[in-house]
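First, the structure itself, so that you have it in front of you.
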Amino acid sequence: MNYFLTEEQEMIKDLAAKIAREKVEPIAAEYDENEIFPNDIVEILAKSDLFRVFIPEEYEGMGGGVLEMCLVVEELSKACGGIALSYAGSALGTIPIMLFGSEEHKKKYLPKLAAGEILAAFALTEPDAGSDAAAIKTRATLENDHYVLNGTKQWITNGGEASIYTVIVLTDPNRGVRGTSAILVEKGTQGFDFGKKENKMGIRASATTELIFQDAKVPKENLLGREGAGFLIAMKTFDQSRPGVASQAVGIAQGALDKAVAYAHERHQFGKPISSFQGIQFMLADMATQVEAARALTYQAARIIDSGAKNIAKISCMAKVFASDVAMKVTTDAVQVFGGYGYMKEYPVEKMMRDAKITQIYEGTNQIQREVIALQLIREELRKKG
Amino acid sequence: MNIVVCIKQVPDTTNIKINPETNTLIRTGVESIINPFDMYALEEGIRLKEKHGGTVTALSMGPPQVEESLREAISLGIDDACLLSDRAFAGADTLATAYTLAAGIRKLGGADIILMGRQAIDGDTGQVGPGVAENLGITHVTDIRKIEQIDEDGTIIVERLLEDGYVRLKIKLPVLLTVVKEINEPRLPSLRGKLAAKKKEIVTWVEEDLEIDSERIGLVGSPTFVKKIFTPPKPSGGKIFQGDTREAVASLLEELKKAGITAGKKGSEDGNN
Amino acid sequence: METIKILLDKCSGCGLCLKVCAYDALDLVDKKVYINERCTICGACVDVCKFDAIEIYRRSFKGQDVSAYSGICVYAEHRKNKLSSVVPEVIGAARELKKDLDKTISAILLGSGVKPLAEELISYGVDEVWMIDSLEIVDFAEDIQADLVARILMEKKPEIFLGGGTIIGRSLLPRVAAKILSGLTADCTELTIDTESKFLKQTRPAFGGNIMATILCQNHRPQMATVRHKVMKAAEKVGAGHNGKIVELHDIPIPHSKIEVLEFVEEQTETVNLAEADFIVSGGRGLKDPKNFDLIEKLSKAIGGAVGASRAAVDAGWIPYSHQVGQTGKTVNPTIYIACGISGAIQHLAGMKSSDIIVAINSDANAPIFDVAHYGIVGNLFEVVPELVKQITE
């Protein structure tokens, strides 16, 4: 299939695919079962320059954009959605620095992130603030030349593993969402600690923890953009990162489809491979069609973002919603094709089904995404009417 | 330190399948790859260079498309690559190949260490390495599983794998070493390496570029030739037991007994081969 | 001069040759076949062509005076003054050849204090032992040994020279071949004499055992081959009536070795020396977990065998590389090979296909391992293997 990628994008895709096939797939089940963070894979990705692909050249990157990032996430997710998340989660943490960081921030962090020497993370969610991001309680108060942070962030991908965190905090409790700000916090900062590692249904190779701030002192230069821009920074970051979640979903779905097709060909019942039965054929055909459609929409979203377009929230949400729903459907069907074996941990598809579920939830639940899409539609309609 | 790694482009035999009806090779979809053992040699060459400095050059003999494999070597971190390619080199057996590669190494200015894979997966001979060393008049050691150290005085200490253990050897450079899988874990290419490889000029030498006797290369320079190639007879299906585990195991042991073999000792000599 | 040519008038365009070419070197254009630059002149297409439409023009460089060479010589590999177990097999092969050639069998024996080995060689039916007994010839000093072997071969002029397909043999003989400029065939599984020409027909597997090639060395002497271990039948001892002689070669100067042996470390021979094992139990991906290699070890202990593994199991880090059987691991030829949870990838089959009896235990009835297995049990190995252990120990 020709996806009209450039030669360099093909190169990125091939290399990520090679790493997925040779390095990730053999360990995926073990890392999932034992919740092992894939430091070894991160090192391989770093040495292969794959953390560079979405970072500008002046900061030791290779000058690509969201599509390049998506290609890597998709290929890795074919083998393991959880391991892919260590990469995608770092990209999510890198985006606000690229979009809103000062020159000093960029010079300080981007080359190391590009080299894969350090990982990044992004922290918005709190126990009482999920979809309602404006309900955050983590406070940052300016005292002389420092912000002092107090509060707890929850379910933070790459928690404990990342070296640099973009944390959305409340700087002015009287102003609602306009009172939020984004502050860069380095691991090792006094008063900044990690809570327990979550025991998750899927993506178990990824690290998900609490971030705990107790009078954590952060230099005021670590403020991203300006005070009050926290919510905006979070939303603009998600606009760019959602195609990454979509690619993770496409990758998981494609991985499950590949396994299902191979299995249907091998598995014999009634003296014939089960792929010769129409019931299975129709399932496989629908799965393949859905994956292809999800990929098309994901690439389209990534390309629109990379073109520098302004209103990208809608297409970005569409890609995430569609691809993640497809991933859930296709992985569920893959388990069905495998029958009883599919339900067993010895076979890889039950893990894919568990991994797929999160893509419908994180970086904005699919219900919130639909609201954003609908809101945008209504806005466009109103604008037409002037 | 001058390091030369000799590599061979081979069909990826792990993907070759046999057509059960005709009992012939199915070649469709079989890619050309760098001989897997040579990947370990390349990795070791790059590591030696990283540790001791100098340059590491990949050398190969073969048709023009071998250039792709040399570019792959560059993408891994090899500095330079050179291809010996001429119709006159075609059809070479291990003797003529070793002679030609040695001439290439001489033209490159020689080497302190020459690395090769233990054998190529298409021919499985492992004869070219010792042959190259002989042509260059240098020492060779095969089946190296570890390079322990290289000393200032120009000696190298290696571990060589044997059937029943290993032997530690100290050799004066220059030396040709063939390596086994155990020696390292080859790295994957990097994107920057791949981009560099795309731009790299690969030197290609033909017969006239080398100081060689035209009677010693290619088919003419090869004492051995393949008289016949055939696919081994298709194995006839064996006896398969299914169902109850206890009964299946009992039937299997019964059959093995019938074949004259009991556990713990070899059966009658007639039972063999 | 083109060395390979398609006779277009004979070519029917059937395309059979395209199928056997492993190098993608043939193109079918307008129902005629053309050779492209990828051709290595391996000759696979020539054999398969039903119309004799492909010709290779063969001429090789001027070699030795073939008529001056006579007899069969074997290399007597040894370590710590004990003959390698491959040596009786090489002598066995030589004795089979002798039946057709009716020439003497000689052996080259180099080392220090090796006289008893010379007697042993004679007891296996060697007619003449060419021996250099010197303190300077130590184990692993292959550079000296290659030099001496080459000198002896040039002086004594045997028409055939055979060595074991061991790590030492496959290092030493290529060096010798390059010194004396003769042909060498690696790892032969069959050696016969062509009844008409009296040439040595050397047959060996290539492409990981997917194809067999018969190789000749017409114009150069000696015709050299290494012999795959545990394939040829070992020579049995001959009766007291056999008279062999030991010829000590004193005049050949012994060069200095550039190889200094620091130490030899023997590794757990019982479990690792797969090359010598009569029984091997191997585990693969089907074991699912490294700790399940216990099962394999128990079974191998029960039958007094060695433990092998597939590449998948080794790559997953379940067991060290020294246990790997297959093309990129060890080639084994035991009496019984039991493959547990091994699907039978071609690369694995290449390393164990010539075992006398292959037993496969696998849950997938369609696994390729069953195609080569003499006996198989389709079932859950976690049940079958313990049951095997139980019934065997009973």
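In order of appearance the chains are A, B and C, and numbering begins at 1 in each one.
Note that in this section a contact is a pair of C-beta atoms (placed from the backbone, for glycine too) under 8 Å apart; a residue touches a chain by one contact, two chains touch by 3 or more.
Being a predicted model, the structure only gives us computed values, none of them experimental.
Please find which chain has its CA centre nearest to the centre of all protein CA atoms in view.
Chain nearest the overall C-alpha centroid, as shown: B.
Return the chain pair with more inter-chain C-beta contacts, choosing between B-C and A-C.
B-C
Find the chain most remote from subunit C, comparing centres computed as mean CA coordinates.
With centres defined by C-alpha atoms, farthest from subunit C sits A.
With chain centres taken as the means of their Cα atoms, state the distance from subunit A to subunit B in Å.
Between these chains, centre-to-centre, one finds 42 Å.
Using mean C-alpha positions as chain centres, tell me how far subunit B is from subunit C in Å, no decimals.
Those two chain centres are 16 Å apart.
Averaged over CA atoms, how far is the centre of subunit A from the centre of subunit C? Could you give it in whole Å?
53
In the complex formed with subunit C, which residues of subunit B make contact?
Listed in rising order, the residues of subunit B that touch subunit C are 11, 13-14, 16-19, 22, 24-27, 30, 32, 36-37, 62-65, 87, 90-91, 93-95, 98-99, 121-131, 133-135, 139-143, 157, 160-172, 181-182, 215-216, 218-232, 235, 237-242, 245-246, 248-250, 252-253, 255-256, 259, 261, 263-267, 271-273.
Report the residues of subunit B in contact with subunit A in the complex, numbered from low to high.
187-195
Help me check something: in the complex, which residues belonging to subunit C touch subunit B?
Contacts found on subunit C: 3-4, 18-24, 37-44, 47-48, 56, 58-63, 140, 142-143, 146, 166-168, 170-175, 177-179, 181-187, 201, 205-220, 231, 233, 258-267, 269, 272-273, 275-276, 278-279, 302-304, 321-322, 324, 327-329, 335-336, 345-347, 353, 356-360, 365, 370-380, 383-384, 387-388, 391-392.
Give the list of subunit A residues in touch with subunit C in this complex.
26-27, 266, 268, 346
Within the complex, which stretch of subunit A touches subunit B?
So the residues of subunit A in touch with subunit B come to 8, 11-12, 15, 18-19, 22-23, 44, 47-50, 52-53, 62.
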